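Once you scroll down, you'll see the structures, which are given as C-alpha cells.
Okay, so subunit A shows up in both of these, paired with subunit B first and subunit C after.
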Partner chain A sequence: MTRRTSGPARAGQYLALLAYLVFLAFPFLWLISTSFKPARELGSLHPTWIPKDPTLANYRQAFDEQPLLEAAGNSLIAALSASLVAVVIATPMAYVMARHRTLLARAATGWVVVSQAFPFVLVIIPLFLVLKNLHLINSLPGLIMVYVVWALPFALWMLVGYVRAVPTELEEAAAVDGASKLRTLVSVTAPLLAPGIVATALFAFITAWNEFFFALVLLKTPEKQTLPVVLTHFLGAEGAADLGPLAAAAFLATLPSLVLFAIIQKRITGGMLAGAVKS
Partner chain B sequence: MGVRARASGAVAAALVLLLAGCSDDGDGESDGRITLRFQSLAWQQESVEANKELVKKWNATHPDVKVEYVQGSWTSIHDQLLTSFEGGEAPDIIHDASDDLADFAYGGYLADLGDLLPERLKSDIPEASWDTATFGGKVYGVPFLQEPRVLIANATWLKKSGVRIPTPEKPWSWSEFRSVTKELGDGDGKFGVAWPLKDPVSATLNLSLSTGGQLFHRRADGKAEIRFEAADEVMPRTVHDQVNIDGSASGSTLGMGGSDTLPGFFGGKYAMVPLGFSYRQQISQQAPKGFDWRVLPAPAGADGLAQGVSPQTLSVAEDSPHKKEAAAFIDFFLRPANMVRLARGDWMLPTGKAALKDPALRTKKDDWATGTALAGQLRPAPAQSVRGYPEWKDKIATPALQEYYSGAIGLDELRERLVKDGNLVLKRYQR
Partner chain C sequence: MDHGAWFLVLPALLPILVLSVGPLLYGIALAFTDSQSGRTEPTEWIGLLNFQDLLHDTLFWDSFRIGLLWAVGVTVPQFLLALGLALLLNQNLRLRWLARSLAIIPWAMPEVVVGIMWRLVYNPDAGILNETLSDLGFGDGRDWLTGIGTALPAVIVVGVWAGMPQTTVALLAGLQNVPRELHEAAEMDGAGAWRRFRTVTWPALKPIALAITALNFIWNFNSFALVYVLTNGGPGGRTRLPMLFAYEEAFRYGQFGYAAAMGCVMVALISVLLAVYLVGRLRGGDQR
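Moving on to the complex of A and B:
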C-alpha cells in the first residue's frame, strides 16, 4: 500500500530537490562561466553569472600551453581499461563471495573494508619499487594495473551486494530445468547483474579518470601524463593559479564523465536499486 | 593441468609480456648520446616558453648531451620527488624551492654541486642566496629566482590621502605603517590593508627579519631552539592590532590566499595588499582598465628592509650518472641573459648579480625597479634549514598564529605555544 503525499508536502519535496540540484550544479555552472570570462572579469569584486564580454581565449590558451587532447586520450585509455579489467576480475570473485559464505569470504570482505582506509602515500613507495622492477614505471599499462588494484576492493564490495540481490531460487530453478552451472551463470545470473556491473564499471571509470597522485608519481614523460596531472600545470606555488585556462581545461575534463553518465543513466539507476535491497 | 588453467596461464604470461613491452627502460643513454631529464616547475605561459626555448637552444648546440624537458607541478612536488628518489627514477635536473631541499639534502638524494659548478656562476650569485641551498657545508641547489614580499597599493587612494609614499631608500617603519593604515581606512568597510594570511608562518617569519626577529636560534652545540623575543613580536603585533584594535585591516582576509584578496583590492575595499612580487603579473592582467597600482617596499625595522626568502633552485640528483653534464646545463641555463628571461617570465627577481643589472629589470614599468632595489636585502628564510620545521609549522605555528591574528588568543599564549610546544617538536628531530 502506498501513502499519498499531500500537496504542500509534495511542493516541499520538489523545493528541497531543486535546492539540492542548485547546490550540486553551482560549482559546475560557475566553472563554465569562469572559463568564458576574460582576465579582467575574473578579478571583479562583483562577479556575474553571465560573462559581460565572453571570450574563447582561455580555451585557446589552455590548448596552446598544454597537450590537453593527448592527456585526455591517456586518461580515457587508463580509465576505460581499468574499469573493464576491474569488472572482469571482480564479477566472478563477487559471485563466489556472495554465494559461499565461508570464513575466508568473510575475512576477504573485512580486508576489502580495511584496504579502503590505506592512504596513498603509505603504498606509493613500495608500489613504485614493484612497478620499477616490472619495468612499468612511466607506462599506461603500469598505471592501469594500479588503478585496477585500487578499484578492485570497492568494486568487489559493490558487486557482492548485487549478487546477493539475485534470488538463489532463480538459479535453482534453472538447475532443475537442466541448465549447467555455466549456462545458469551466463543466461540467468549475468543479465540480472548487468545493471550492477555497469554501475561498478562506472565507479571504477570515474575513480581512475579523476585520480591524480598515482599518475603524478608514476608517469614521467609529458606524452604519457593524464588529464588531472596536466591540469595542475596551470597552478603555481602557494596556490597561485592561471584561473581562466584552468577553468577551461577543468570544464573539458568533466565532459567525458557527464557524457558517460548521460548515456548509461538508466542502467545505473537500475543497478543501484538492485544492489540496495537484499532478497 | 586442465585446458582452462593452461589458457589462463598463457593469457597471464602474454599480459605480463605486453605490459613489459609497453614500458620505458629510461636508462638515459642511447647510441652513446647522453639524455638528461630536466623537470621544470615553470607554470606561467611566458616562463614555460622561456624554459622550453632555452632547452631547445642547448640541444641545438650540444649534440652529445640532449636535455628532455619534463613539465612538473608545484602541487605535491615533495611527495613526487621523494617517491622518485626512493625508486631511483628521479629526474637528473630538479627544479624546486630552497625550503623543500633540506630533507632531500640530508637524505642523500641530491648531489653536492660545490665542485661541479663553474666559478662564473658561483661568484655571480651572492653568498646570502647560496646559504639558502647549503646544508652541512655542501651546496645542494643553485638558487636562481626569488621574490620579496611587497605592498601592492592603490596609487590613486594613496595620493588622495596625502600619506607619505615610501621608497626602498625611505621605507615606512612598522609603527608608521600602522598609523598610515589607520588613516587610509574609514572603519566602514574600507580598510588600509588586507593581510592574506592563509599561510601565516612564512609571511610572519620572513617579514620579522626586518625587525631582527629570528625565532630560530642555533645553540653552541649546533641544535636549533625557538625563542620568541621582543624583535619577533613587532610584525605579528602590528597585524594583530591593525585587525583587532584599529580596525584598519580586514579580518575576513586573514584566512585568504593572495589571489583571493585581489577582487576586493580592485573593487576599492583595501588600499594595500602585502603580496609576493610576482603577483604583479596577475594584477597587470586582471586589474580593471585605469586602475592605478604601484609596488611599495614592506615596512622596515631595526634591520632595515631585510626579509627572508626561499628562492627557486636547480639541483642534480645524486643518482644521476651524468652530474657533470647536468651541472654544465645549469650553468648554461643560468647565464645572465637567460636568467633575465626566466625572471621576466615568472615576474620574479634573479639572484644573479649580472642579471640584476639588466635594464629590463630596472624599468619603472610594472615597478620592476622597486623590486630590484630590494634584492640586496633578501636573506635565507630563517627556518628552512631547521629539521622539524614543517611539523612545527603545520601543527603548532599555523593554528597559533591564526588564532592570535584573529584575536582569539593574546601574545603570551602565542609565545607559550610557539616556544614551549615548538621546542618539544624540534627536540624529537635533534636527538
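Moving on to the complex of A and C:
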C-alpha cells in the first residue's frame, strides 16, 4: 500500500518518524549522559549532552550510598520466585480456559479483565492486615505471594493466547494414536507451548522486577527492600537529590529488564495480541 | 468439565480466591468499618459513615478531579500519538526498526526509573529541557515540577511518554487486521489517504482502539509510582492523584477503613464513567 506514496508525503513521514525518535530517545539518552558526568559538570549552568570529562565516580558513589547490591538481590529473588510460581500454576489453568468453554473458564476470563480495573489500594489494605497477622510484613515471601497473584491475570491472558495457537488437530491425532490425555499434554502440547511459557515467565519477571507500590507498602527496612524502593531513597527528603549517583543507580536498575525485554519483545507482543485479538 | 480439569485449575484458582478475590471483598467490607492501624479497641462496623465523610472531603474530590484530568490528559494524547506512530511503523520506512526498538524502552523501564529520568530532564539547573528551550530562544528556565501551573502538564507529558509503547503495539497489531485488498481497492478508486483511513483502516481498528483506550484510562486513573516519584503529589496537592491520596490516608495516617472507602468510590465512579463512554462510543459507531 505504500508503493505509490509521493515524494513530499514520504518526506513528511520521515520527518514525523524523526520527531518520534527524538521524543522517545532523549530522556533515556539524558539519563545515561547524566550518569557519566562529574559533579563539576552537573553543577554547571549550561548542561551539555555529552560529558566533557566522563567518569565512573557516580556509579561508585551510588553503591557507597545505598545498598544497591542487596536490593538487586532482593529484587532478583522476588521476581524469579514470583514468575516461576505464577507460570507453573497458570499454565494448566490457561490450558483449561483455552480448551473448555465452561462457566469457570468464562468467569476466569472476566476476572482477568475486571482485576485490571481495581485500584491496588483496595487490595493492599486487606493484604497488609492479613500479612501482618501472619508476620509476613517486611519479608520477601509475603511480597512474593502478592506478586504471584498480581502476575496471574496477565500470565493467564498471554498463555491462553499461546494455547489457542496450538492446533487441536495435533492433540486429536495423538488421541487417535492411543495416547492418554496426560501423555498428549506432556509430549505434544507442552513442547509447542514452551516458548510461550518462557516468554510469559520472563514478562512476569520484568513486571515484578519493576514493581513499586506493593514493595513500598510491604517492605519497611532498607535491607529487605527491592531495587525500585531503594532507588527512591536517592531522591532525599526534600527532593534535593544527588543527580549523578541517582542517574547511575537508575540506569543500572533498568538494564536487566531492558535486556530481557529485547530478547522476548517479539514473543510478548505476539502473545498479548494473540490473546487480545482472538478472544 | 471433568475431574481432571479441576485438578488443572485448582493450583491457580486457590491463590486467586484466597489472595485476590478474598482481599478484594475484605477491602470492600473494610470501607464500612473504622479500621485503623495500631488501634487498641476492636474494629467496629460504622455503616456508611466513611462515605458520608468522603462526601464532604474536599481534598478527596480535588484529587478525584485531578485524577480525571490526568487520566484524560494522558489517555487522549497517548492514543493519538500511538496511532500516528503505529501508522508510520506500518509503512515501509527505513528507520522503522530503530523506532520499534526505541518505542519499547519505556515499556521495559521501571516506573520509578521513568520518574527519576524525567526529573533529570526537568531539573531547573542541570536538566536538558530548560537548556534546550533557552538555546531555542525561549528565555528563562522554569522549575516545571514544582510550578503551580506547570506541574500537572509536566507529569502528564511523562505519563504519555511512559504509556505509548503498549498502545502503539496494540494498534500496530490492529493494523495488521486491516484487509489489504480493501485498501488497494480504495486506492484504485482514487481515495486519498484520509478517506482510506476513515473508510478502511479505522473500522477495522476500532474494536482494539476502543478496548485499549478504556484500559488505558483505568490504568492511568489508578496510577501511582510515576507521580509519586516525580512530584509526590505536589506542589500543594496539584498532582495528588487519588491513589496517592488513598496511599497516604492508609499508610501514613493509618486510616484503613477510610482509604478503603476511597477505593470503593474510585472503582464505582470509574466504572460508571467508563460504561457511559463505552455505550456512547458503541452507539455512535452503529449509527454511521
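Here is the rule we use: the second predicted complex is superposed on the first by the 216 of 279 C-alpha atoms of A that agree within 3 Å, B and C clash if a C-alpha of one lies under 4 Å from a C-alpha of the other, contacts with A are read in each partner's own complex, and residues count from 1 in each chain.
Note that a contact is a pair of C-beta atoms (placed from the backbone, for glycine too) under 8 Å apart; a residue touches a chain by one contact, two chains touch by 3 or more.
Keep in mind that what you see is a predicted model, and the values were worked out from it rather than measured.
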| item | value |
| --- | --- |
| Partner chain(s) touched by A:Ser139 [first = subunit B, second = subunit C, both, neither] | first |
| First, second, both or neither for A:Thr232, with subunit B first and subunit C second | both |
| Dominant toucher of subunit A (residue count), subunit B or subunit C | C |
| Which of subunit B and subunit C A:Glu169 touches, first, second, both or neither | neither |
| Partner chain in contact with A:Gln265 - subunit B first, subunit C second, else both or neither | second |
| Contacts of A:Leu129 with subunit B and subunit C, given as first, second, both or neither | both |
| First, second, both or neither for A:Asp53, with subunit B first and subunit C second | neither |
| Touched partner set for A:Arg40, first subunit B, second subunit C, both or neither | first |
| Contacts of A:Asp242 with subunit B and subunit C, given as first, second, both or neither | first |
| On subunit A, positions contacted by subunit B and by subunit C | 42-47, 121, 124-125, 128-129, 145, 212-213, 217, 232, 234-235, 239, 241, 243 |
| Parts of subunit A lying in touch with subunit B, wherever the complex brings them together | 39-40, 42-47, 61, 65, 121, 124-125, 128-129, 132, 134-142, 145, 212-213, 216-217, 220-222, 225, 229, 232-243 |
| In the complex, subunit C residues that touch subunit A | 1, 4-5, 7-9, 11-13, 15-16, 19-24, 26-28, 30, 35, 81, 84-85, 88, 91-96, 98-99, 101-113, 116-121, 123, 125-128, 131, 161, 164, 169-170, 172-174, 177, 180, 183-184, 187, 193, 208, 211, 215, 218-219, 222, 224-225, 228-229, 232, 242-243, 246-247, 250-251, 256, 259-260, 262-264, 266-267, 270-271 |
| Contact footprint of subunit C on subunit A as seen in their complex | 1-2, 4-5, 9, 13-14, 16-18, 20-21, 23-28, 30-31, 34, 42-47, 49, 88-90, 92-93, 95-96, 100, 102, 104, 108, 111, 115-130, 145-146, 148-149, 152, 156, 181, 206, 209-213, 217, 227-228, 231-232, 234-235, 239, 241, 243, 246-247, 250-251, 253-254, 257-258, 260-262, 265, 269, 272-273, 276-277 |
| Residue numbers on subunit B that touch subunit A, as the complex places them | 16, 18-20, 22-26, 37, 41, 43-45, 48, 68-71, 73-76, 79-80, 82-84, 86-89, 91, 97, 198-199, 257-259, 262-264, 266-269, 276, 278-279, 282, 285-289 |
